[in-house]
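Have a look at the structure that comes next, please.
To keep things simple, chains are lettered A, B and C as they appear, and every chain counts its residues starting from 1.
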Amino acid sequence: MSAIAGPRPWSRASGRERLGTVSYHGLMTAMVLAYIFPALWAVSMSFRTDENMFAADQLIPHPVTLQHYARLFEALPGLGQYFLNTVVIAVLGTAGTLLSSSLAGYALARFQFPGRGVLLATLLLTLMVPVHATLIPQYVVFRELGWLNSALPIIVPLLFGTPFASFFFRQYFLTLPRELEDAAAIDGAGPWRAFFRIMAPLAGPAYLALGLLTFVSLWNSFFINSIYLAKQSSWVLTQALQSLIGRYTAQYGAIMAGVTLVSLPILIGYLVFQRWIVRGVSMTGLAN
Amino acid sequence: MSSTPGRTHSGRAASRRSASLSTRRSRTALLFVLPQVVGLIAFTGVPLVASLGYSFTHWDLVAPAPTFVGLDNWAHLLSDDRIPAVLWNTVRFILVGTTSLLVFSLIAALLTFTPRRGVALYRAALFLPYVLSQIAVGVVWRWMFNTNSGPIAGIWEFFGGDSPDWLLDPATAMPSIALVTTWQTIGYGMTLYVSALQGVPASLLEAATIDGANRWQRFRHVTVPMISPTVFFLTVTSLIGAFQLFDPVVAMTSASAGPATAGGPSNSTRTIVLYMYNQMFNYSERISGLGYAAALAWMLALIIFLITAAQFALSRRWVHYDDPVVRASRKRARA
Amino acid sequence: MGLRRKSLRIAGLLGGLSLLVSACTGAPAPSVSGGPSAAQPATVRVMLWGNDADVTSIKDAAAGFTTAHPEITIEWETGDCGVDYAACKTLVAGGNLPDVFVMGSWNYFEAARDGVTADITDLLARSGTPTSDFTSTIIKGMTSADGKLYGLPMGYNIQSLFYNKAMFDKAGLSYPAADGSYTYDDLRQWSAKLTLDKAGRNATEPGFDAKSIKQYGYFNFAAGPIEPGYAPVLAAFGGGILGGEARNQCTADASGTIDGFQWLQDLMWKDHSAITPQLHQEEPGYARWVRGQVAMQQGSHEQVLNVQQQNPTLAYDMAALPKGPAGNATLAQIHIWAMAQKSEVKDAAWTFLHYMATDGAGKQMGLIPAYKDVASGPAFAQGKGEPAGLVEAQLTPATWPLTVTNLDPSVVWSAVSSQDGVLPAIEDIVMNRKTASEALSGICAQRIDPLLKSVK
């Protein structure tokens, strides 16, 4: 049946297996709870009164207050706009990165062409030079293009793919068996068809994983946005949250309320995609 | 040399056919990589080459134009006595941070890979820290490390230790930052590992089971080679990222907000990129400015490049590619 | 063939580089005289920083300008230029610096030295506004050695003592004199008496348990460790990290500096009556004061807003900072309206800048206005919900002879205050790793003087 990994469904649960399941869940629950404690702490802070903001016994806030959420919307009336701006950047950026970089990664993994080694080395080199060193020349490029004070410097480069993603896709495509493309070639499918009909669906887990990571990093990115998005109407969510911090003091409750709200869509998205990942795998499972 | 002339002839024809095929394929390949190449040249390549160019100039960013100074910045690298310290700080981070990231995210992936009830929830939970915005991470972890009521000190003292001051102590500040970044990025590593594990054909695992391989042997001889390209990807990219450690240091150690006063206590967390940033923007020494920062950046790139090249060379021994080109070259290398 | 293609690509990249370099040289700065007059329509880009309340306060203050000058359109932007000079540098290098922005006293002279901000001395003279209309300490500090101004003050903040009245009442102590006629010795004694352990014993009583403190006496941002915290203390003890008219001489190992730091260390570590860096890391000291867990703190006017937001029922008042061995002293931090040297709409930019510093003065970023008597009017001193001691604690101290600003005329502070400079020594003091004298003796000759020499 399925050619792709995934342990067989338990045909019958023996006592030993049930014990294993129980101890697995016990162990995992304990570990995961300890692991996400600091994150829960952040969420918990958003529901605490200022009086209890840093008290060690307030993991479950008592009393619970929603005042910081109210304060957040009062301080940042443009929150809906910032949310939309963030969505546009994250969605377009992720889609562009996935398409362009998977094409490049596939070619790097499967085709022999002049300059292949140079291209791979160049991709890696761009990762090696710290971003701050290229910040100013990049800024000048965007000024020459007339793109300053807009989201174009953030979105457009992503549409052409990122070196990081291209390198990732190269590595992933190298793990996939070649026989499938060979078979497709014998059937007369050209490289484009072979890619879009066979290889890309096969790499579904890679698309989902990298798409998720790209989306999250765009969603949370601050530095580059703060440089190009100077008009308040073009702000993204991280910039809005940052504006709750003064030079020496900060509104911790409102910040954590903002962080909670900003993280929520991603977590929900993750749980939804989680199913797709599993289903995607069983569907591309190449019934043979 | 037992081959008949006929066979030789048809062999030549085949090779001619495959030559034209490979030209066509290489033309297709260029189309595949076109967007990435255009993007690379337009948005990354020019600034990259420009930054290399700037390393031969002095420019404080506010003067009308850079001044060409030849190798002055590069020569200064050799006499800058702050460089060994910032490199050592970076290495200290890598020893703790990168190693634990690679190991723990694989463990997290293995523990949550098996499709069972509840696994999706565990995985989402393990991914949560990666989703959390850096603003919250700084605030929460500074609290986590406080010695008055912080859980880290609490655990330490529970096991009988005398808790150090963590972020406030030069000896423990960098390991503390490594702990935080590992905590933040395990979800990221796990996601990549899981996608790789899903690429492991069940048929191979089944075949190994039939051959009598136990769980560990299946993992060691089937799973590990199959996911090795992803392991390799993670190793290469997280080392590159570790050498560029910057944001967490600023978030956790800056006295005022901002990189100008970050890197303490007593310079124990000043990394090479933080130093580069300071030289580019904050310092006004004779050498300071984009020129020297670019030289520092390229020195760092050179170090990473050498390490990455070594990783690529070593990868031939342990990374398994299903690629005839690589296989052939590996065979050649072995011969 | 492969080689040719490669060399072509490199040639293309190099072409791009030369274009970049030429782009960076930029166009020459347009002069004011040739520019459009203020009556002509113009768009002025104004960049703001600060938290949401700061930004709103400035936009509100500018409402009158829009009415008075309909021909000038203000385009608001937010960015770190002014609070962080690095952000200004990026904008300058990229040729995208806004026309008007807000500098801080901590980087005002660096921007002036670099030619980033415009010299407005003549413009001010022509406008008919005399410099005497501004608070004299502030405007004098902003004037360069050769008599030039590179901006006008938006306002300033002053470090004062904020105290919890209920705690003073309960301890039977009389309140600190609002005019600052008490001493650092007094403050230290109060701090100890206001520090209580679980059993209710104060820090001066026998049997006081320093491990179970419920209420602390004092918080100073020196626990950060940041300059607004320690600078006023050092000045009152007759010291300071840097001294001299041009603030370019190291006095970090002078006896006044050492005594001031030792006073801070003693409160934290000998008396156990002040918030230590560890405690500050657990919960910021100012937040502890706001919620009524610390009796006194040194802070600026923003604490009034903190109380309004987080604990409006707190019974508190403020007093001027105490007298040290050298006298009364505090620190003033100034926010400054400045305009770009390269602005193409200098006339309109100046019109706006001048308005914001004069007619529009007051109620900007929660600061004390430095224009005429706006500070004593409804914009500040008579504002709603202000504590009784406001005028004496915030306005008078600006005129004390020992009061310092963190203006940096020699542009050396960022180096001196960094991890390469004095910061590790200060960390050692506030963490109690070394006494002030151990940490600071010889630091000028060994660390700071070479650093001062290396700065161009």
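One rule holds for everything that comes next: contacts are C-beta pairs under 8 Å (C-beta built on N, C-alpha and C of every residue); 3 or more make two chains touch, one makes a residue touch a chain.
Note that the structure is a prediction, hence the values are computed from the model and not measured.
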item	value
Contact graph of the chains (line, ring, star, complete, other)	complete
Interface with more contacting C-beta pairs, comparing A-B to A-C	A-B
Gap in Å, rounded to a whole number, between the CA centres of chain C and chain A	38
Between chain A and chain B, centroid-to-centroid distance (C-alpha), Å	16
Sites on chain C at which at least two other chains make contact	20, 24, 90, 93, 226, 282-283
Overlap residues in chain A, where contacts from two or more other chains coincide	54, 114, 135-137, 140-141, 245, 247-248, 250, 252
Chain B: positions in contact with at least two other chains	45-46, 50, 61, 143, 149, 256, 280, 290
Touch list for chain B against partner chain C, complex	41, 45-46, 49-50, 53, 59-62, 64-66, 82, 142-143, 145-150, 165, 167-168, 255-256, 258-267, 270, 278, 280-286, 290
Complex contact set, residues of chain C against chain B	9, 12-14, 16-17, 20-21, 24-26, 84-86, 89-90, 92-93, 110, 114-116, 224-226, 277-279, 281-283, 411, 414-415, 417-420, 423-424, 427-428, 431, 454-456
Complex contacts: residues of chain B adjacent to chain A	22, 25-26, 28-30, 32-33, 35-40, 42-48, 50-51, 54, 61, 111-112, 114-116, 118, 120-137, 139-141, 143-144, 149, 151, 183, 186, 188, 191-192, 194-203, 205, 226-227, 229-230, 232-233, 236-237, 240, 243-244, 246-247, 256-257, 273, 276-277, 280, 290, 293-294, 296-298, 300-301, 304-305, 308, 320-326
Chain A contact footprint on chain C (complex, rising order)	1-2, 5-6, 19-20, 23-24, 47, 50-55, 75-80, 83, 90, 93-96, 221, 226, 228, 282-284, 286-287, 290-291, 302, 306, 309-311
For the chain A and chain B complex, residues of the former touching the latter	2-7, 21, 24-25, 28, 32, 35-39, 41-42, 45, 54, 56, 99-101, 103-104, 106-114, 116, 119, 122-138, 140-141, 156-157, 159-161, 163-164, 166-168, 171-172, 174-178, 190-192, 195, 205-206, 208-210, 212-213, 216, 220, 222-223, 238, 241-242, 245, 247-248, 250, 252, 255-256, 259, 262-263, 266-267, 270-271, 274-275, 277-278, 281
